[in-house]
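Two complexes, one shared chain (chain A), two partners (chain B, chain C).
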Partner chain A sequence: MAIDRQKALIFGAAVAVRLLLFTTFPSLPNLLAGRVEVSTPVTSFKRLQEGLFLYKHNVSPYDGGVYYQAPLLLPLFSLLPDPSYFPFASNVLYTAVDSLGAYALMQIADSMQAVTPRLFKSSRKDLRWSSVAVAAGYLFNPFTVATCVARSTSALSTLFILVAIAKASQGAGITFVFALSIASYLSMHPILLFPPLLLLCYDVRASKAKSAPSASRFAVSHTAGLAAACGLLLYLSYLLTGSWEFLQSTYGVRLLLPDLTPNVGLWWYFFIEMFDSFREFFLGVFWLHVASYAPGLTLRLRKQPLFAAATLTGIFAIFTPYPSIADAALYLSLLPLFRHLFPLMRYSFLAAAAILYASFLGPAFYHLWIYAGSGNANFFYAITLVWSLGLSVIVGDSLYAALRDEFDVERPELRGKEVKRI
Partner chain B sequence: MAETDGATASVEPLSTPSTDATSVSATAKPPPETQESIWLRRSVIVSFWLVVVLLGLPVWWKTTAIYRAELPLETMGAWAESKVCQPAFPLKVAVEAPIPAQDAQHLLRDTQHSLDELNDFSAHRLSLLLADAPFVANASQQIVTDGIAVDVSHDEDIALSVRLVPVETGHTPRSLLQPYSPRLDVYYGPSQLPTAASTGSPLATYIAEELHKLFGEEQALLAHLLSKTPGPRAPVAKRLSSGIIAELEHRSTRALKYAPTYHLTFSLFTPINIPSDWDIESALQRYMSPFLDSLTGIHNFTIDTQVQLYSGYTPTVRPEFDEQSKSWTLRKEDLSGFINAAEWPLTPSIGAGPTVNFVLYVPDRSQSPLVVKETGGNSWLVPQWGGVVILNPTEADEAAPAIMTREALAPAMHTFSTQLMSLLGLPQSPGCLPLRISTLVRVRAASLLFSASSTLGALARLYNALPSIPIPDKVAKSVDLTTEHLQLACDSLKEGRFHSALEHARVAEAEAEKAFFERSMVGQVYFPDEHKVAVYLPLLGPVAVPLIMAALKELQTTIRNFKARRSS
Partner chain C sequence: MLLLLLLSVFNAVIASVAPRSDYHERLLLRPLPQSALLASFNFRSNETSTAFEQQNFRHFPRSLGQILQHAHTKELHLRFSWGRWDADSWGQMPWNGAREGGTGVELWAWVEAGNEEEAFARWLTLTNALSGLFCASLNFVDATNTVRPVMSFRPEGDHTNASRLHLLHGSLPHEVVCTENLTPFLKLLPCKGKAGISSLLSGHKLFDASWQTMSIDVRPVCEKGGECSVEIEQGVDMALDIERSKRPQDNPIPRPLPISEIACDTSKRYNSHDSCFPLATTADPAWSLQDIFGRPLKGACPLTDTSPDLGYSVCINVPQERNITVHPEGQYSESRSTSPELRCYKPPRNTDFDLHLPSQALPTPLTHPTPPLFASRSINGHGQERGSIRAVIRNPSPTSSIEFSYLESLPWFMKPYLHTLRARIVGSPEDPVKEMYYRPAVDRKRGTHLELHMLLPPSSTLILTYDFDKAILRYTEYPPDANRGFDAPPAVIRVLASSETMGREQDRKGIYVRTTSLLLPLPTPDFSMPYNVIILTSTVMALAFGNIFNLLVRRFVGFDEVAGRGGLVGILRAKIQRLK
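So, the complex of A and B:
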């Protein structure tokens, strides 16, 4: 039972690392929760506590204009003891969330959908990492650990996205739809993952069953299920807060970007500089830009829906309005599933260097701007550009590698030859 | 960008070497694409284009459309050209006569007739009414009140009441205008009453002439005001001599712009340390308040005062000592620079309304008396700003009082109130304050009416001239309110209810200004269309190029294939 021993070791070590960090550095969670790279206005634990306080005192949590997160988080966290006095409970919760996410990632890896989907057999399918290694890559990723220690609520969205992918790659339609609707309810943009994941779920179901189910009926029933689940969650929120105003404070904030707190994304700087009369227009352009990838990638990568979904999470980490390192952590943990593409990637060194460069210099430049006062906003924005560039290089390069991989299957005689795009 | 990879990537071999088993010839020619990959690429391109066309275009249309509320341009233009409202000023004059009603009616008719003959300004008409004569009510004669008789004491729209008093002695007819109530006493001899048979009695003519004289200046003011507004008013306006016009212009440049509230600032400046205090509060109470109270219907006032020691006038002003009159004299040119704007803390404006400054300057004893050279006077008015009074210490009080008493301030206060009258635009005649104030009400109502109308016209022109500025609903609402109140003000004017006319005109003016100076309208005035290229291109250019190129390439191949198929 070597695998089980490995598993236990990995998970035990991950839990130990997290709890150790929580207990030996009691000020670390608050420090990280205040960092703009980790906590955005829509995921911050401090804002969650503010909303929780208002909620417990029977005031609408959205009254203060501080809390922008989903209403159903409030009853969940109000069950826990007050984190400022007894942080242990919430620490355990976040550790558990990370472990469950890793478990879901293992399920994805075990399903083999990354290398051998129904319509496509990669010629390099033997080149893969074990599920334990993939889970370890998630659990010991410093970005994941930082998100967990900062207790950012994006950890929850990450978990539900991973569960949705896992369930889709197992062909479990109902749980997939439910997990995805929770993820969308928490942070809205995961709804764009629905088309590729639906295809993934369909492919798995079709390969398991003797005859493929009717595609249109499958699509309609799952879409209706997603709508119903989302509607149910929104209705529960309505019952909880007593009015629909939470829509304005949660999804309205994500759509309209009223809070321009700096983050690692590209939006905040752009909208600080924006002429007021063009603000709405460019909000529309930016959102459409994010959304337009979903259909295009799904169609182009029809044979590898899991890869399309993973690439979309990478695009979310770059182009959504309030990205944090948690989004990058999700993408970078899904990437090891595609170990077989790594030999085909051409700019791995450049991308890795850019990511490392941004991770170390980002906090330094932020310090120069905000605390030392010797820099300005351009310092931090430049470093977020490098960060986004690094991620875009990975996204583009892996996409190239996936297409090359498809091409190699199509024309095996050209394997290993130089190619160019025409 | 990942997008270009996703949208158009199709991987093809580089020039294949001849050793390659599959290459048919040495020339590098990519093998034909499979039908599947062609369709895949097309569907990807179409999916991007669908997002752009189905979602992008509506977003662009919706978010960059300029909202322009509908404005009643026709009505606004009509107001600006004074087509809607022909302002009229029908003044009511009540006549109290201690004579039988029949005779009184007769006298009234005669007087009215001669008045109308004298009047050459049809918009401004005096109409006589017969009033109860309370002071003879207990006389033996029975007064028969008919429909025309009104109760004078309860109607503030009565401009003036004329009281006929029979006297036996003295030169008759003669008249006396009460200075502090709107009443004209006319003394007449018994023989001057018109008889039933005669037409045109000397008394009637006399009263008509007196009344015409009393309202002469008001007519000039209103006529001047009317002549400055556009529109078909030429026949209404009466002709004014150029001298009068120049005088009225001069006066209107001195007066402050109308505001519902003025701040009055009374300041005491002295170059030395005495007087260190003044009894300003009781002086204002005594000399200023009665006048200010009588203006309550037109303006509100707030007052503040200050004492500034060791604050001399502008150092460049040097008075000369005049041996003849033994006094220090200021030349007329110096007066404009007298106020030490650099050092005297005279705030330009407190709060919403304009500030009127009154400066009392007490010169040093070594430089007193200080007077104006040309006139020997000691006060002057600064147009649209306030007034200055130099109060020379009298020789009598050698002890140099540290505190100025109320009595010592009296002359200065009288000067200040005269200056305030000019600054408010109060007419200079007749010698009856209530009459002058009611004239001011009419003049102000008319001028506010005209200025609100012309603001409406300006807004309408702006609306047409700048099609790129947004017009929010607020502006349309303000415009509606303005026209509504303008109509009410105009109706009130025609009915002779001047106080309510002023009230409505004031609202109309405020709303018109609010609409014209709406902040959100001017945001894009200085944003020409060329700048939009600079806004759109940097972001949309890079995104659009691969989209358009891909679409064009696809179209090209489709057309080529189509042609090839037709030719074969």
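So, the complex of A and C:
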């Protein structure tokens, strides 16, 4: 079948590109793992190796301030041979992770929830890209390839977010809850995806079943399931490490920001220059800001919960404490699901130009600051501002497009005409 | 006169009835190659434990004794160091490195306490009190630069209750040592820098030396009869450059000598009255105590024991052929009992004492013992993001292999990656690391503690490397000269055993080698920008949030559906209309 051949071609090419990069440039993984745009203190592969080393030598990795990642990654990676000497196994693992993520993305595209959710039938629903094209957009995105080659653990949380969305768009409640709990266990912020994905799952179940299931029972059961799954993972981690001190490292680091290593986000420079007496206040304000998008988007975009979830991943790419290009890659890979909104977007050129500008100048200015010594921190900080602005233009513009699409169904006579917001 | 007589009678009475407490001082001078001079001052006094506990201090300084009692410290070692000992030219360090400390201030003590928290609280009491006593910022020794070494230090004294003792070690590599630390040091001495060898110490010459260390060691000593005493040993070791020290204080700028005073190499073809190639001086330069130290030795300290065979407080280690003239003539006594190359003098009281050594070419130079290990450490890599430490340790001995412990106490903003630690012996495949003790750092709470027990075969070099990341700090955590960088304390290497000393009784003091401290440049933010950064970041967040908020909260209407009654009135009217 043509589709299957296309699928095999895309996946084969993606796997080939990754393995080729791993083997032809043996120093490329370490080079990319050292770049701040790709790996952050909470996702760095070098720190994972350090945690593994301490774990294998019976020193608690959480006793110190180097390893900030989830405990259950340690037994998983200790099954592989030592990456410093035999890196092939970890390379294959990350390539497999990327491929599984692309497969999940194809499942999301195939479920048609992007264009025709239960409560909303877009007037442009025929304008869509095939699932293979969407998967290709994810697999060949340079940000995704860079994250895979750098072996950053954000690839794992991206995988589980995609699986959670895929299962929610298929109505598989238990798998969805389990995948989302693993994703939130690895990096804390995916828990905020639960409301829109719960709505998505409910919508799919209701459209598949004869009678809509009871909303409150559905919500309560799935929330309880999520809590139980998260609790199980935390309890397993407690058994593995022997104490609860991993909570301080894994989640306390994201909440309290002790490590101020530069990254593409907005938090690090702000909290470097902040005086100590205001730190806690602004940490609270920033987290409240991130968390406030979830209920707002879910309520307003009740009819398009998948779009709400995708927009939330974009919000995470801008406003979480340790973002990297992997988060941006996730959002930019979920956007092609909404091809029908692209004609309504107004600032696509500006946003694309800003993203390209930031992608090329960011490493240059970082080099000027840290290595050449002829620039200072403000250069790189300005690039992070441009990057954040570019991504937020895309988020805002796509949100406008989605709301305009809803309005076009509501008031078809105003299609194509100028509108105002009051 | 009568008062003096009464005082001396009183002293004699006290000396006969008081429990035994004695005071010894010694200055050892040793010329080093390349016209350097090593001067080791050593002051030692004892106090019986009973007198110490009853606070009957005689020669033991009361201020220090009370601090030690208050902080429950049983053994104390405090070092103030500056400069670098050139082991390749000068050989083994004085006292085998046991009285030397790392650059800046280094302090280690055995504190008696019930548990770790109590020991740490008493340690903080100790450091704060010592900081006041010595005018040094020892109060900055806190949890971030304190470690509890496991194999690098052994108690020098005899302790009765060893299970309640906790060893704590702190260092301040950035601390500058100067006259304000020397003055309280001298005040602890019985003669207080006014008589005896301590009268030679002056801040101008001491801190102008190529290398100097001031050390204070307090330890309990128990004899084999049960009588225990507390001993304090103070020392000043300095390696002076003779030409530099002879420069007068009021004319410190080195100027070229007039050509008539230089010995010229006449075999050069351009030799004439105005161009001269100086001959390499093979003769030892001329110097005297007054020239080098800038002040005369003001007679012997009266508290040194006055029995005939003690009190030889000035010793000089020179070859037998060296001529020495002693001033004042006749009022001193000289002894060469221990070795023909060691001459000791007993200076008279109340008279200035001086030694003059003329310039002399010696046929046989003095041999200097080679140190057991040569160690150096440096930071590799460029840029302010990461680096790696590289330590090179060499065993010069052709016959004996050496086991040593390597202690590194790194600040928390240097994050080492222990999985990148590679120790290899050049030319040999075996792994030199026998045991490793590692306590990782926690941001802003404690530093890294790394101790390695390694074995080095004869005539081999060991190269130890590991990577580390440099952290970026908060705005207020940078010092005023942020772009200079931060100091990392030196590595402390203690020779545990070598195959030639195997079986022999080891000196309690131990053999130590320390590397230099490291200067660590960290990335700095722009310090002029706190307000700008806050408003710019807040602007970006507000733009994004405002845009999304507007989109979510407002509803769409056709452009011409809203009656455009302009201005404020129109808006108010529209709102009232909507409410109806």
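Throughout what follows, the second predicted complex is superposed on the first by the 422 of 422 C-alpha atoms of A that agree within 3 Å, B and C clash if a C-alpha of one lies under 4 Å from a C-alpha of the other, contacts with A are read in each partner's own complex, and residues count from 1 in each chain.
Criterion: contacts are C-beta pairs under 8 Å (C-beta built on N, C-alpha and C of every residue); 3 or more make two chains touch, one makes a residue touch a chain.
Note that the coordinates shown come from a computational prediction; the quantities given were computed from them, not determined experimentally.
Participant: Chain A superposed: clash or fit between chain B and chain C?
Facilitator: Result for chain B and chain C: clash.
Participant: For A:Arg404 in the superposed arrangement: first (chain B), second (chain C), both or neither?
Facilitator: both
Participant: For A:Val59 in the superposed arrangement: first (chain B), second (chain C), both or neither?
Facilitator: Touch status of A:Val59: second partner only.
Participant: Figure out whether A:Glu50 sits in contact with chain B (first) or chain C (second), or with both, or with neither.
Facilitator: second
Participant: Examine A:Ser392 and indicate which partner it touches, taking first as chain B and second as chain C; both and neither are also allowed.
Facilitator: A:Ser392: touches chain B and chain C.
Participant: For A:Glu280, select first, second, both or neither according to whether it touches chain B, chain C, the two together, or no partner.
Facilitator: first
Participant: Does chain C touch more residues of chain A than chain B does, or is it the other way round?
Facilitator: C
Participant: When the two structures are overlaid on chain A, which partner does A:Thr261 contact: first (chain B), second (chain C), both, or neither?
Facilitator: It touches chain C, and chain B stays clear.
Participant: Have a look at where A:Asn378 lands relative to chain B and chain C in the superposition and call it first, second, both or neither.
Facilitator: Only chain C; A:Asn378 stays clear of chain B.
Participant: Could you tell me if A:Glu245 is touching chain B, chain C, both of them or neither one (first, second, both, neither)?
Facilitator: Neither partner.
Participant: Please indicate which partner A:Pro295 is in contact with in the superposed arrangement: first for chain B, second for chain C, both, or neither.
Facilitator: First partner only, chain B.
Participant: Would you indicate which of the stretches 130-138, 148-156, 238-246 or 256-264 belonging to chain B has clashing C-alpha atoms with chain C?
Facilitator: 256-264
Participant: After overlaying the two complexes on chain A, where does the chain B footprint on chain A coincide with the chain C footprint?
Facilitator: 275-276, 289, 293, 296-297, 300, 392, 395-396, 399-400, 403-404, 407, 411, 414, 417-422
Participant: Would you tell me which residues of chain A are touching chain B in their complex?
Facilitator: Residue list for chain A touching chain B: 275-278, 280-285, 288-289, 291-293, 295-297, 299-300, 302, 311, 315, 392, 395-396, 399-400, 403-404, 407, 410-411, 413-414, 417-422.
Participant: Where on chain B is chain A touching in the complex?
Facilitator: Contacts found on chain B: 1-3, 5-14, 20-22, 30, 34, 40, 43-44, 47-48, 50-52, 55-56, 59-60, 62-64, 523-524, 527, 535, 539-540, 543.
Participant: Quick one: which bits of chain C touch chain A in the complex? Just the residue numbers, please.
Facilitator: Touching chain A: residues 382-386, 412, 415, 417-420, 438-444, 448, 471-476, 523-526, 529-530, 533-534, 536-537, 540-541, 543-545, 547-552, 554-559, 562 of chain C.
Participant: Inside the complex, what are the residues of chain A that reach chain C?
Facilitator: Against chain C, chain A makes touches at 34, 36, 46, 49-50, 52-54, 59, 63-66, 84, 258-262, 266, 268-276, 289, 293, 296-297, 300, 318-319, 369-371, 373, 376-378, 381, 385, 388-389, 392, 395-396, 399-400, 403-404, 407, 411, 414, 417-422.
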